[in-house]
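Once you scroll down, you'll see the structures, which are given as structure tokens.
The two complexes that follow have chain A in common; it is paired with chain B in the first and with chain C in the second.
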Partner chain A sequence: MEKNVLSPKMLIRKRLFRNKLAMTGMFLLTLIFLFTFLGSILTPYGETEVFRTTETKEQEVAKAECKYKVISVNSVYEPPSSKHLLGTDGNGMDILTRLIYGGRISLLLSISVVAMELLIGTVIGSIAGYLGKWVDALFMRFVDIINCIPSLPLYIILGSIMDYYKLDGGIRICMLCLILGLFRWSAVARIVRGQILSLREQEFIVAAKAAGIKTRHCIGRHLIPNVIPQLIIIATMDLGNVILSEATLSFLGLGVKYPYASWGNMLHTVNNIYVMTNYWFVWIPAGTLIFLTVLGFHFVGDGLREALDPKRKHT
Partner chain B sequence: MKKFLFKRLLQSFLILFFVGLLIYSMMRLLPSSYVETRARTLSQQPGAKSYDEWLVQLKAAYGLEQGILPGYLHWLGNALQGDFGDSWQWNKPVITKFQEVIGYSIFLAATAFILEIFLSIPAGILAARRQYSKLDHTITVVALIGISLPSFFFATILKYLFSVKLGWFDLYGIVGRMHEQYSPFKQFLDVAEHMLLPILTLTITNIGSLIRFTRTNMLEVLHSDFIRTARANGLPEHKVIYQHAFRNTLLPLITVLGSSLPELFGGALITETLFQIPGIGYTAYQSMVNGDIPFSMFYMLFLAVLTLLGNLLADILYAAVDPRVQMV
Partner chain C sequence: MSFRKKNSRSAYLTVMKDPDNIVEFENVHTYFFTDSGMVKAMNGISFDIPKGKIVGIVGESGCGKTVTALSLFQLLDRSEGQTIKGQIRINMESHAVNVINAPAHVMQKLRGKQMSMIFQEPATSLNPVFRIGCQMDEVIKLHHPKMYKKERKNRTLEMLELVGITNKEEVYKMYPHELSGGMCQRIMLAIALVCHPRIIVADEPTTALDVTTQAQILDLLLELKNKLNITILLITHDLGVIAQIADEMIVMKDGSVVEKGSVKEIFKSPQHPYTVQLMRSHAFAEKHFVKIGSFPEKKDSILEVSHLKKYFPQRGNFISPGKGIVKAVDDVSFTLKRGTTLGLVGESGCGKSTTGRTILRLLEKTDGNIFFNGQDISKVSAEQLRLLRTKMQIIFQDPYACLSPRLTIDEIMKEAVREHNIVPKIELDTYISAMMRACGLQESYKQRYPHEFSGGQRQRICIARALALRPEFIVCDEPVSALDISMRTQIINLLQDLQEKYHLTYLFISHDLSVVEHISDTVAIMYLGSIIEIGATEDIFRNPLHPYTKALFSAILIPDPDVKGKRIILKENILSSSLSPSGCKFQTRCIKCTEICKMKTPVMQEIEKGHMVCCHLYDGK
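Here is the complex of A and B:
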């Protein structure tokens, strides 16, 4: 009789694919990635293309005793139509197109921030955990200090400093990326350190050491691979969390700035109550996309946690 | 125990010292003309001191003529005596402004926190008891939705639905137009009504992580041997769950309570700002955006102290509740 043998990797994959939540999340994320990365081919408009009105809209505004005639040149806040599927925003730009480009910035930014936090966190955590003693104590106090700095106020202050210097939008995005990455790695460092502290005492490391392995290789080839499952879970969840942070900052007007689009700064317009109440198509799609993307990452992360958990019942 | 406390306290102070240094250096990185600009705007306010006076005062108050480290020590010396300087944004001592606004934040955060606890712990336990059932999946999905909702978007939707469409609440502010004419009891009701949407926002967006946390810990406990023994002995299920299992999930919950200290007293920055609740979060936000260095420094240090205090509190409570934990 043929026995059905499954490798651990296959088991994990099987468990993950059977998890409806994780699959829903995966589906959501695939759609969103396709939308943001291939959407720009489908849309005929550019990110910062401004549309003029064909017919001059004249509006009479009575103010005190005078009467003004307001002639709008740009087609602002145009409701959804076949020409602009989601209408136009306050600058007369196509909202659907800006959603596509904005999403790309949010996703790329979040991926690079998570890559950065994983790199810094793993290096610091593994060195501290492996070397122990005073190195460990020193590094961990450093982690404590980073952990203690309140992140949101810090981002707000740095954002307004960038405002003060009137930095160019492109540089701002890079800076944002750097700042978010530099202050997020403490959780990763703690987890890596904790894992390595317990792994360090196990036989396979003792054997590797007895064989005269270099410290660098011992950490890189034997210890880090054992932490990777946890890191994958954190990374997936954090991809969502970074998108949330970026969106919050952009929403406050301190993150990604005009003329660049981002889902967060598209929601910035709701601070104008008139826009919020009268033009739902300006802010609801952007907010929904942020929500769905973060939800997708959390669903997948949760599924991974269940699938990678060795204690789980094998049913 | 005493030795442990002493060690931890010493460590906390050391960490605080460096956190302060880091924040201070950052503030010093602000453009140097910044203080001059501030002095100019401050001197233009009605009834303010002259430009030169402000400039001298600002430079002296923050030790700007000195290097970063002496300047920091100078600031720290003042701060230790409870003198955080005058806020540039609010034109009064930082501490006075802090005392004016902290009450709103505590009221808002504490109410939301109590609601969170009462909703999320039973939900987490329920989900754990029926692992992989429909109920468990529903609770998990609700929790993840709560975690993923951007608070600013959720708050805006609430405002759109309840303030604009239904007209039940004011869009923002803490009191209504007729507030002054009301009796004290009605005044309280007025404030409470204005707090309703912010509390709802906070509760929904924070509830998720607490549900997940309770569920994970409860599951771990339910799979342990002593629960099996209790069941084998024929103990009624509610006794197993609420007397034996739940007590053990209390332990990790203490850590969560400790770490939510900054949330409780530090104000919900985004929610307060969106609803313009004049709590510490909204005040700090305005200060930070307008470059009010004294208040921002104070606020960030205040949050750092809360974080450290929360950790310390969690450690102490942990040892007090669980006799297996030894403090070394």
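Here is the complex of A and C:
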């Protein structure tokens, strides 16, 4: 009867690795991360390198003879070729290279923003939910205030402030991360609070209190683990949202600024109908990558949620 | 098309073996397909339900009782459980239907109209957002679409009257939350009866109810059976219920019928060893026995509660201010000697759990004093209280709800021990193992999660957890009410063994007098927040004084069909503690109520040595 008993952690790992969907997601994410973080070694071009149209023979001759001044033109919207595997964009930059560099920013940004919102949201939400009474009222009114701030005008103002101080790209991205994180946690806090309000009334919390467990351990050990499924769902959904909202903010001048690339930024070229209908190679790759990333996170998140659920059968 | 229709018709039409039967089960196999393999919930079950009889199915939880009912209704989730083999025939006078083959639209017409069901939890079986009348109306409308609205209302009111609801017009307009559990169960019964079904399946209809309410509902079922000649399939784990009202019984174990026959015969001479075992565990619950060494040498008191009050304000809002207070615990005093047990008995809502929790300061008291080991614990600081918690522990009614679902047993057990540094870190593992063994648990359980255990094992885990903190005093808040009868005996024995071994003091809260009897040295009866009778267990059981105590005693179901004790049926249910009138609190339900009871609140008086009662009947005696 006594089989070798697996420890809970081993069981979780085993269940996760058995989940085909989660493994597919993991594989996808690995590929995407490798592509964005190691891809720069493979591409011969730089992120902001602008390519000119190849000069025709006549032009070359004319140039050599200095007959008249030849203006070289950026090679804009050049379709995929062996030189530019995914073509060039509206500024004559190599799309594949920009995807690689843009991916870094998009992934880092989305992961850190989601991590930040989960952290703040969970802490505030669980404290409000567990302690209740005036603490709850205070925190939740604070959340309401945050929700009341009209975000778009605020973003524009913050963007122009950053413009005024002429911050450089790296700092701008950090600031963007901070701003997004600081304004997005309210939804998480609300969900966590709601969950904890109902969990708090359950007897295992009374039991923990009766055993003299400290409040912070009560929250950390008994309540938070029970909110994890909801947190995973929020996290996977928000990862995609953050990538896209970064694009909006970039468009408004707050986010990643030209000439730096981000996936959201690149996808945003579709707001030009002409580009959307005629140059598919400009926006389809960025869109596909965002789609695959979100899908990958979803698969892994789902698998993780199932693996962490002790009520799942062992087999 | 027409061919197919004809074919499917003949597939579910069948003939009854005996036309006097309402339902016949023949070799029914219902299996569940889970991730961990197939579970044979019903493994070849055959029995008949004759017309106009109450047939009881008895067995421990997990034996397939409920699946039997669900198979009859074909309410099992097809992807999980399916009836694989056999026939379940229902008699429709002109023909019979085999529900296993019947298509969905036929089943829909059968359910509600030909057969209906009442469930264990009346409060959750009713839809909280609709009025009672509306919910009953809906059922009639479904099965009699041509009936006029007025006619439907008359039918509904008639049914409400039938189930013993006197203020039917009022109840018609009420919402489920405005009614007590017993009333809700009556409504459920009325809904079940509204289309004059051939059979009613009652799945543990009284398990969630108080003993006094249980007596009422059982009486009602009997009355309905005699009046309407209705057939009832009664599912229960309590042999007492079967003995009192059923005509025939079926004993189930692990998905099979182990014994069936008339109730009288089986109780007289049970054939199967399992039936004998079941009867014995019930008999234990009935046998009067005196605790060895009761009333021993003088002991110091560990807990003194004096004039404890706990009021809950009924909160209002901006527009309408609060409507007053609910006196959950109203002036309770008692003393508990070290190493003894006080049984606290009363109906649900009488404030017994609140008393337990207020003593532990899980709820803040409104007034009064609680001395634990001579220290007034209502005055200690939060940090001191946290350290004091190791000395006073609590065991809850629902062992599943009080174990964190996402922690393993090991983590659950270790947590508090580590928090209070009960043992050095190196010894922690061996200490936990020792505690688990003391409570009859295997060490290998450590890596499992709470949901992987049975109810009895979970309660053992809770006891082990409480015990690991080396407490002196444990509040047992209905620790066995959620368990099967055979488990009850084991858990109570365990508690008694541990009491002897570790010299523990218990406050044992229960709604069932028969449970309290074995474990308690003294018994206190509570009614609407006050103790109305207190005394040595022996004295109370030998000579109950208060009319309410007497009613409680008469509500105990004796598992013997020949002893149908004269039950004192209390008229009304408790409305709410906030509405208690002046004078004696029990006056509205008391059968011996006199003028003085309405005028003056009775005080505690000692009738025998140590036996106190709070009733005007004993004034001047």
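Assume the second predicted complex is superposed on the first by the 186 of 315 C-alpha atoms of A that agree within 3 Å, B and C clash if a C-alpha of one lies under 4 Å from a C-alpha of the other, contacts with A are read in each partner's own complex, and residues count from 1 in each chain.
The working rule: contacts are C-beta pairs under 8 Å (C-beta built on N, C-alpha and C of every residue); 3 or more make two chains touch, one makes a residue touch a chain.
Small disclaimer: the values here were computed from a predicted structure and weren't measured.
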| item | value |
| --- | --- |
| First (chain B), second (chain C), both or neither touched by A:L21 | first |
| Which superposed partner A:L239 touches (first chain B, second chain C, both, neither) | neither |
| Partner chain(s) touched by A:Y165 [first = chain B, second = chain C, both, neither] | first |
| Chain B or chain C, by number of chain A residues touched | B |
| Partner chain in contact with A:G287 - chain B first, chain C second, else both or neither | first |
| Chain B versus chain C as contact partner of A:A207, first or second or both or neither | second |
| Partner chain(s) touched by A:L96 [first = chain B, second = chain C, both, neither] | neither |
| Set of chain A residues, in rising order, touched by both chain B and chain C | 311 |
| Parts of chain B lying in touch with chain A, wherever the complex brings them together | 11, 14-16, 18-19, 22-23, 26-27, 29-31, 34, 137, 140-141, 144-145, 147-153, 156-157, 159-160, 164, 171, 223, 262, 266, 269-270, 273, 284-285, 288-291, 296, 299-300, 303-304, 307-308 |
| Chain B contact footprint on chain A (complex, rising order) | 20-21, 141, 144-145, 147-150, 152-154, 156-158, 160-161, 164-165, 240, 244, 247-248, 251-252, 254, 267, 270, 273, 276-277, 280, 283, 287, 290-291, 294-295, 298-299, 302, 311 |
| Contacting residues of chain A [partner chain C, same complex] | 2, 5-8, 202-204, 206-214, 217, 221-222, 225-226, 228, 308, 310-315 |
| Of all residues in chain C, those that touch chain A in their complex | 34-36, 357, 360, 362, 385-390, 392-394, 396, 398, 401-408, 411, 415-416, 419-420, 444, 447, 449, 451, 462, 465-466, 469 |
